[in-house]
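Handing you a structure now.
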Amino acid sequence: MALDKRARIGARIAQELKDGDYVNLGIGLPTETANHIPPGVHVIFQSENGIMGTGPAPAEGEEDQDMINAGGGFITALPGAAFFDSAISFGIIRGGHLDFTVLGALQVDQHGNLANWMIPGKIIPGMGGAMDLVTGAKTVIVAMEHVDKKGNSKVLKECTLPLTAKGRVSLIITDMAVMEVTPEGLLLKEVSEEFTVEDVVNATEADLIIADNLK
Amino acid sequence: MALDKRARIGARIAQELKDGDYVNLGIGLPTETANHIPPGVHVIFQSENGIMGTGPAPAEGEEDQDMINAGGGFITALPGAAFFDSAISFGIIRGGHLDFTVLGALQVDQHGNLANWMIPGKIIPGMGGAMDLVTGAKTVIVAMEHVDKKGNSKVLKECTLPLTAKGRVSLIITDMAVMEVTPEGLLLKEVSEEFTVEDVVNATEADLIIADNLK
Amino acid sequence: MFKQITAAEAAAMIQPHSRLAIGGFLAVGAPEGIIDAIVAAGTRDLHMIVIASDWEDRGVGKLVVNHQLKSAQVSHTGTNREIQNQMNSGEIQVELVPQGTLMERCRAFGMGLGGVLTPTGLGTVVEEGKQIINLDGKDYILEPAIPSDFALICAHKADKSGNLVFRKTARNSNPIMAMAGKITIVEVDEIVESGELDPEAIVTPGVFVDYIVVKEA
Amino acid sequence: MFKQITAAEAAAMIQPHSRLAIGGFLAVGAPEGIIDAIVAAGTRDLHMIVIASDWEDRGVGKLVVNHQLKSAQVSHTGTNREIQNQMNSGEIQVELVPQGTLMERCRAFGMGLGGVLTPTGLGTVVEEGKQIINLDGKDYILEPAIPSDFALICAHKADKSGNLVFRKTARNSNPIMAMAGKITIVEVDEIVESGELDPEAIVTPGVFVDYIVVKEA
């Protein structure tokens, strides 16, 4: 994905976060969020291997071999950070103490189902912490490209890949649109500048309800 | 119970403990054990509220209000002591990481059943940590007077009071005798100096197997 | 992130029928200031989840003496004659829970688990009315998570990120109860700057903490 | 109380079909010295319980590459192509376990619990073949404790009482796995005198530790 697209998605996710929120960002695109937190908003980031209060990546040569995030990247700790074991870390997640998790997706559907951990017969990397994150976080945001490399919609009526969790996604933020999972169905709330509503509808296999106050 | 009787029971229990053992002593008579650990034997005592490595009671005026054992008495900590929360403390207990627990009893029976936490209609103080201790410790020793205040045997064929745990007692040490719970029944192994085997048998409702090498 | 409030403000959040998971053991590590404020507020029909019912004049025993409890889940009541009287008269409904089981049931709620399987209590009155699960030939009691509306705990110090450290055996159930409430209120001796507590020595991370009351001198 | 041994002595205790609960995450906090010794010993048909299968040349990945594993319970294999190959060829049987569930199942074994009830995995392949328990209208998967013969973990320092402290995110699963083995073997940077570690900052009490290997410089 082009850098500006990634940045735009990250910036849009960041708008959802409030001062004091506890947030876990998945590997890849979701990490872009951290670069766009508005001034004055203090958000605390968890890495599920066992830290609350991660800081930016260390300068080259400053890496500490014992300081990594859940993606294996080197991190730093901010003042007020705490280390804990992975059971407590997942207790934070599963117990609903985390305000947001932002995760990538292979597929997401209009019922809030998410598939992001395996493609049968191709690659089975394992679910890692994703199932717990999607099951437990107060709000689950999916960040992804709207269509796959072949141009097929990743926003579906029903996921066809093995699920990560059922009915837990609240918000889907893609390069094309922002969609909210509601009891009535998938609500198209925002369309990116370079696309029309029609573009989004055509690129989306799921049924979309167009919001009255569409932006 | 007379002081010398208490001391004798405590000293006999202490003989069971090996260097490096982790031990939890119940309230009352079992605490006598700590006064009789042989020289050269280093035993580590737990208090289940959340410390491993308790030391002797503090001198008067040296009490720390935040340093108590499970009986509410003031304690000290030895070098190498560790504090932990009560969930970990009971994980140590339930998970079989404790070598010995020594507990008092209202009744114990020849199947290794123990009743030590309530008398229906009279007093219901609650089981506290006793059920976990008896269920989880590798070896459960009961320390008590052989008969109750009315002279009735506390060593029974079957406990009549509500149980603390089923079939978990290994060794019963009283002012009169030492008895081991074996698959064949209750084995009388030692008789105190001032009593005869007949005295013990008469004072015991349970069936006793007299050990070949009775002391 | 937590908000700093007074003990009276903490007590004012608590309503009749609130379920309170309270830290401390035999009044050591009990949030005495918050308990006193609840006594002062006089809120009744409360449910209490705590290891022991403490003494008549210390710890949660004061809530008992002031007749503010309708029910309780505790493992030990032996140090408080008043709760024994109220149990006998039927004023308070008490579920006696083995101490280790109580810790796991509270922890389970805080950690989003439905419950745990434990051997503790098998063959005793504790198993009555409960589901017994056999796994690989071994029986376990299914012990469900204990939900609570408020966790009321006591810590030694907090930092401005809400991280907590405890002091000696006053730690006891406090880190567990800290996770076990929908809303967690902590009474501390003092609040220090973020970064002043060793991040390796923090026992309860601030994410579990909603409100902090600084103990009055 | 623990006994100090060498990595080779640790490896020699491990037999074919031993079940190993191994600490570390993506090779950070992995007991590399003990792993190397197991590679050198060449013991096969092992069962591995670990968060992630690490890299081909770091952490538990080395056991995979050396074809020493018959089966594994892991949450993530994506960083190790060799385990993917062995999964596809049927050489290794892998149960994929959600990371939080894996931690609770290992902890349960160490704490004498038969298992836990978790919502994680409901409606996914994880629930297949498992008992679903409904409590108060909510479904949970019954996840049994995972037994292990040996816990192999890595800590920063031990004291002579076996108490352990960890370093930063190298803590990860180590304190959990420390409780999860019938026999726990710890690799540490150094052993200090009892009393040198702050008793409030000890993460794993020595009661869980059976053997200690001091990391070779």
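Brief remarks on what is shown
Order of writing sets the labels: A, B, C and D. Residues in every chain begin at 1.
The definition used in the following text is that contacts are C-beta pairs under 8 Å (C-beta built on N, C-alpha and C of every residue); 3 or more make two chains touch, one makes a residue touch a chain.
What you see is a predicted model, and the numbers here were worked out from it, not measured in a lab.
Look at the CA centroids: the one farthest from the centroid of chain B belongs to A.
Computed from the mean C-alpha positions, the centre of chain A lies at a distance of 55 Å from the centre of chain B.
Per-chain CA centroids place chain B at a distance of 34 Å from chain D.
Per-chain CA centroids place chain B at a distance of 29 Å from chain C. Residue positions of chain D touching 2 or more other chains, listed in rising order: 104, 107, 111-113, 118-119, 166-168, 200, 203. Within chain A, the positions touching two or more other chains are listed as 77, 83-84, 90-91, 93-94, 135-136.
Those chain pairs judged to touch are A-C, A-D, B-C, B-D, C-D. Chain C meets chain D in the complex at residues 104, 108, 111-119, 131, 133, 135-136, 138, 140, 142, 144-145, 165-168, 198, 200-201, 203.
Taken in their complex, chain C has these residues touching chain A: 1, 107, 109-113, 159-161, 163, 179, 193-195, 199-200, 202, 205-208.
Touching chain A in their complex are the following residues of chain D: 25-26, 28-29, 51-52, 74-79, 84, 87, 96, 98-101, 103-104, 107, 118-126, 166-176, 203.
On the chain A side of its complex with chain D, the touching residues are 47-51, 64-70, 72, 75, 77, 83-87, 90-91, 93-94, 113, 123-132, 135-136, 162-167.
Only residues 19-20, 22, 42, 44, 46, 52-53, 77-84, 88, 90-98, 135-136 of chain B touch chain D when the two sit together in their complex.
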